[in-house]
C-alpha cells in the first residue's frame, strides 16, 4: 500500500501542496480530480521526488521512502506516466521500453507483458517514438511504466487529447491492471474519464484534498460535482 | 451596455505550433464596457487565444482589430500602449522590488504614453494600490507578499496602465474564498472604466461576473451567450463534463 | 528609488570621490600611478556593470569596446594629429557607433547565446587589430609620442603624461561616469532597465519596448567602456592588441562580480582590490591568474552578489 | 628537449640541482626577488623584466640564468664602484602591456638604477617610451631594429647584441654568393618578422638576388604545412626565421614536406633556439645553414672566454645545461644579457656612479663609448658601439649542420653590418 | 606544384585538423547535450592531455610508442577524474545554471592553465610520435603519423557512436539528454550521469590532446585554439547534435585548410568567426540543428 502523509510542497515561494495525504491499496483505483492548478500534478511529482516535499512522509508497503533521491523511488515499484507523456522522443519505441526495464532490472518478460497490453506497439518497435501518433504515444508511455512491473502505477491525465476509442482502450488496460492487483493513482480533470474505473475519488483544490469518497457515494449524490467543479449536471 | 462597434474583434485567427492547431480560426468580437469570460476545457486554446490578442504570440493567420485599428502585426508593447493590458496566469511581478515600485513601473508606462507634465506619478501609483487594497503594503517587497496579495498586485499593475481593455488570465487561481469575493468587487469596479476579458476556471466567478461568456474547445469557438444560456447549453455541458 | 535613498547614494559617491581627490597628496609615486590605472579601469567596469548589473546582460566581449575607444582615440592622434579633446570625442562616437551595431545584432540572442556571440564578436575585433597592422602596428602596438600627449590650454600646457595631471583626469572621468549612471538610474530609464533585469516578459507587457531599452543600455555601456579605453590609451600613451584580448573582457567581469554586480561603487571596489592583489601576487609568482580563477569560482559559488551586493542585502538596502 | 624538471638531477650537487628546479620554484622562491625594505643602502639595483611566461618563455628562462650568473660574477669581482649589485626580477608575460607596467614598477616603486633584459620587439616598443618618460636607463637585450630607425629615446640602449638590420646586411653577400640568389622567406607575421622581410629583401637585392616569395605566418600558428605550397619551385634558398612555442613543429613539418629534394636552407637560429638538434625528425637539416650570433656548439678554435662564459652560466660544449643535457639554451641570444651587464658596469664606473641621482651621467657615459674588446666580459667577440644611435655592432656567424652539430663556416666582420642612420639620440633632452 | 597536389595537401591537412577537432568537439557537444553546460575549460582538458602525454613520454624511456600507449590509457583517466571532481565541487553546486557555469568554467580554465604553468613550466615541449615515417609522394612528403591521427579519429568517433547507440550507458546518456526529469522517474541517477558525462567529455578532450601533441608541442597555453574551434564546430553542427558535430568538424577543418591557403590566415579566422557568430544570431539551432524541443 502506498501511503502519503501530510505533504507540504513548494514551487519557489508559493505553496503547491498543503498537508496532502492519500493512500492507495493494491487492486484499487484512486482518482485525483480537480481543476487546473489545484496541485494534482505537483502531488504526483512530489511522490516521485521530482518536487521534493518540504514536510511529510511517504511509504510503500511499510518501507519508508521519504528521504530517497528521486531516481531511487521508481526502483521500489512506483510507475509513472507523466502529464504530456514525456517520451524520450529521439529514442525508438524499443529504447523507451528498455529504459523502463533498466529501472528495476526487470527482464525481457516484463517487456513482453507490457507489450501484450498494447500489441500495436510491436509494429512500431524500431520507430523513433517522436514520430508515433498521439494514441500510440500514450500507449508507449504506459507500456514504458509497466516495464518496471509496478506495484503502484500513477497516471497523469493519460486520456488528454485522445479520441474516444483510445480513451476506452486505455480504460480497459487500467481495469485489467486493477484486476492483477496493481494499485492505481489516476489524475484527471474530467469526471467522465474516471467514473467507469474509479474505486474512490479525491477532489483536490488549492493543494489540499477537499473531499474523498467512495465511487458509489459520488454516483448517488451528483451535487458534489456542482460544488467542486462549478458546473451543473 | 454594449455599443455596436466592437472594441476588439478577430477574424479567422489561427495559431499552429508545428502540427498542433492551438487556435484554429476564431471570429470573436468584444464590445466596450462589457465583462467577458472565456471558458473551456484544458487545452482548448484559451491562453493561446488571449496571447494572440495581447501580442505575446504571433498569429499564423487572420486579423485582429482593436479600437478600429488593425493590430495584427503590432508587437506586444505597442498594443499595451494602445490600451490592451494583460495580467499573467502565473504570478508575474518583480519580486525584489517593493509593491509600490512594481506599480510605479506600470505608471511610468502610462506617463510615457500621456506625455503630460501635470501627470502625478506618485498619486497614480497610490491610486492603483488603493484600488486593490494594497496601500498599506506598499513598502513590502513583492516577493514577500502573501500569494493572494501578489495576485492583487498583478491586477494593480494592470490597472495602473488605465487600459481600455484589461485581460485577466485566471486571476482567481490560488485565491481563498474570501479573497475571491473581494476580487469580484474589484473587477466590477474596474469594469466601470474599462472593458474586461477574463479566462477563468472558477464557474462561480464566471457566473457572477460575466456579462457574456465565450466557450472554446479544440481551438474553436463552441458557443457564446449570457451565463444562463451557457449554463443550459447541452454542447457546453458535454464539452466540459463529457457527460 | 526614493528621494532619500538617492540623496544617500549621492552623498556616498561624493565622499568616495573626495577621498580619491585627497589621496593623491598622500600616496607615494608608484601608488599614484596605480590608482590612476585603477580609476580608468573602474570606468571600464562601471560601463560593464551598467549592462550586467542593471539590465542583467552578461557580455563576454567588452574588451572590444575598450579597445575601440583606445584605438579610435590613439590612432586619430597618431595618424592624423588630432588634439586630445578631439581624439576623445572621436573615441566616444566610434564606441557608441560600434556598440549600437553590435548591440542591435547580439541582443537578438539571449542568455548563453548572448555570452558566446559577444565573445565571438570581440574575438573578431581582436583579430581585426592584428589584421590591420598597417594602422595599428599589430602586436607590437604603437606608442604615442610625448608631443602628442600635450595640449595648449591658454597660456599653459597641459601635459597628460604628468602623473598628477593624469590622476586628476582619471578622477574626473570616474566622477563623470558614476554621476551619469547615478542620474540615469534615478529616472524612468533606470527604473525600466532594472525592471527588464528582474522580469523581462512582464516589462514588455507593461508597454515598454524592451529591445530598445536594452540597446540603449548596451550603447551606454559600450560608450563608457570606450571612454575608459580612450583614457587609457591617451593617458598611458600605448596602444596594443593585448587590450582587445578575451582576458580583458574577463577582468571586467571579475571586477564587477567581486565588487558587486548592480552596485554603483562595486566596480571601483572590485578594481582596487583585484589590481592591488595582482600587483602583489606577480612579485611572488608568474601564475597569478590562478588566483583570478579561484576568486571567480569562489564568488560565483558563495558570494554571487559580491562585496557591496552583500552589504546591501544585509545592512544597507538603499545602496544603488 | 628543454626539460627543466628531471628527477635524476636530485642526485647532483645541491647548487646545480637548485638551478634546474622548475619555473614555479624560480618564480616563488627566487632569491633574486627583492622587495623594498630588504634592499640595503648603497646597493645598485637593476630591474630585470623577464619573459618568464608567454611566447618568449624559453628565452626568458635562459636570460634569467645568464643574468643571474653575470650579477654573481660582478659581485665576486667587487661589485660596481664598490657597491653590491642586486637584480630584481619580474615576469612580463612577453606582453607589451605588462612589460610597460613592470618598467613603471621598477622605476617608481623599486626605484632601480637601471633596467635590462627585454628581448621581444613588441615588448620593447611598448616599454621603451615609458622608460624614457620615467627617465630610467633601459638596456634592451634585443635584436629589434628600433633604435637605428629612430623610434626610441635617449634612455634606451642596445649594447649587447647586433640588431636585425645589421645582421641581415652582413650575411646577405655570403648567401647570395655561396648558396643562391632566389630566396623564399618564411617569417612570423609581426614586426620582428617584418624587419627580416624588409631588410633582407633590400640586402639580397644589393647582391643581385631576389626574394621570390614572402610567406608570413601568424605568430600564434601551431601548424605550418599548409603554408609550404607557397614555396615556388624556382626557389634556391629557403630563408626561415620563426620564434615562439611552435618553432620545433615548424622545422619538423618543413622537413616532412621537403624531404631530400630540398633547396638550400638558410635559417635564423631563432627557429631552433632551445631545441635539440639530435632528434631523428630533424635529420633533414644536415647540410643546411644557420645564422648564429654566438655559436651554440663549442668550436675547434674555442676561446678561453667562451669556456669561461659556458662554465659560469652552466652550459656544456653542446650549448645544453650542464645539469640536464636535454635542456638546450638560447645560446645565440642570451649572451647579450651578460655583455649588457658588463657594459652597464663599465659605464657606471666611467661615470663614478653612486646612485639614482646620477642617471644622467650614466646615459652620457654610455654615449661616450665606442668599442668593447673581446674578453670575459664580451665572450661573443669585439664590438663597436655607436653612441648616437645607442646601438652596438658585432660579428655574425654562419654555421653549417654537420653530424648533427653546428659548425661555423663563415664569420662576418663588424664592418659588414655597419649602416648609416640619421638618428642621433644625444640631441634629445636628458 | 600543380593544383591537384596542392588540393591534396590542403585536404590532408584539413582532415587532420578535422580529426582532432571532431574528438574535441564531440566531448564539448556531449557535455552540452546532456548537461546543458557550456564548458569554457574544455580546451584546458586538451592541454592537460598533452601535458600528461609529455610526462609519460619523458618518464618512460625506451621506444616512444610505449609512452604514447601509456599516455592514451592514463591521461583520459586522470583528466576525467579532475573533471569529475570539478563537476562535483563546482558545477553541481551551481545546479548547472547556464550563466553561472560559464563563469565558473572560466575560473576553472585559469586554475588548470596556471597550475600547469606552475608545475610544468611555460615551455613548449615536444613528444616523439609513436612511430616516425614520412610518406614520400611525388610532390611532397607527408608524415605517416598524421594519417594515423585521421584513422584514430575515425575509430574513436565510431566508438562514441557505438557507445551512444548500442550500449546501456549510451541509452542512459541519451535519455538524460532528452528529458532529465522523466529519466529520474525511471531510476536513472541523472546526477551521477552528469559527473560521468563531464568526465567523459574531458577524457575525449585529453585523447585529442595526446593525438595532437606529437604534431604540435605540449604548452600551457595550447588550450585556447581548440576551445574556440570546437565552439564553432558545436554551434554550426547544432548544439548537442553528435552527427552535426562530425559534419561541421570536417567542414571547418577542410575549409580552414583550403581557405587559409588562399587568404591571409588572420583574415580567414576573422571571417569564419564572424560568420559563426551570425549563424548563432540568425539560426540559433545551428546549420544542421533541429528546432528547439
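A, B, C, D and E label the chains in the order they appear, each numbered from 1.
Heads up, the rule we're going with is that contacts are C-beta pairs under 8 Å (C-beta built on N, C-alpha and C of every residue); 3 or more make two chains touch, one makes a residue touch a chain.
Fair warning: this is a prediction, and the values are worked out from it, not measured in the lab.
> Counting one step per pair of touching chains, how few steps separate subunit A from subunit B?
The distance in steps between these two chains is 1.
> If every chain is reduced to the average of its C-alpha atoms, which one ends up farthest from subunit E?
It is B whose centre lies farthest from that of subunit E.
> Looking only at C-beta pairs in contact, point me to the busier pair out of A-E and C-E.
C-E
> Which chain lies the greatest distance away from subunit A when centres are computed from Cα atoms alone?
Farthest chain from subunit A, going by C-alpha centroids: D.
> Just curious, how far off is subunit D from subunit B if you go by their C-alpha centres, in Å?
That gives a centre separation of 77 Å.
> In whole angstrom, how far does the Cα centroid of subunit D sit from the Cα centroid of subunit E?
37
> Just the number, please: Cα centre separation of subunit B and subunit C in whole Å.
Distance between chain centres, rounded to whole Å: 43 Å.
> Tell me, which residues of subunit C touch at least two other chains?
Counting only residues that touch two or more other chains, subunit C contributes 130, 285-287.
> For subunit B, give me the residues that contact two or more of the other chains.
95, in rising order.
> Go ahead and list every pair of chains that touch.
Once each pair is checked, the touching ones are A-B, A-E, B-C, C-D, C-E, D-E.
> Could you please specify the touching residues of subunit E with respect to subunit D in the complex?
1, 5-6, 9-10, 13, 17, 58-59, 117-126, 128, 132, 134, 136, 140-143, 215-217, 219, 221-222, 225, 257, 260-261, 264-266
> Residue numbers of subunit C touching subunit B in their complex, please.
Of all residues in subunit C, those touching subunit B are 188, 191-192, 194-195, 198-199, 201-210.
> Once bound in the complex, which stretches of subunit A touch subunit B?
13-15, 35-37, 160-161, 189-193, 206, 225, 229-233
> List the residues on subunit E that touch subunit A in their complex, please.
168, 171-172, 174-175, 178-179, 181-191, 293
> Note which residues of subunit D are touching subunit E in the complex, please.
1-5, 7, 22-24, 27, 52-54, 57-58, 60-61, 189, 216-218, 220-223, 225-230, 233, 244-246, 248-249, 253, 255-259, 274, 279-281
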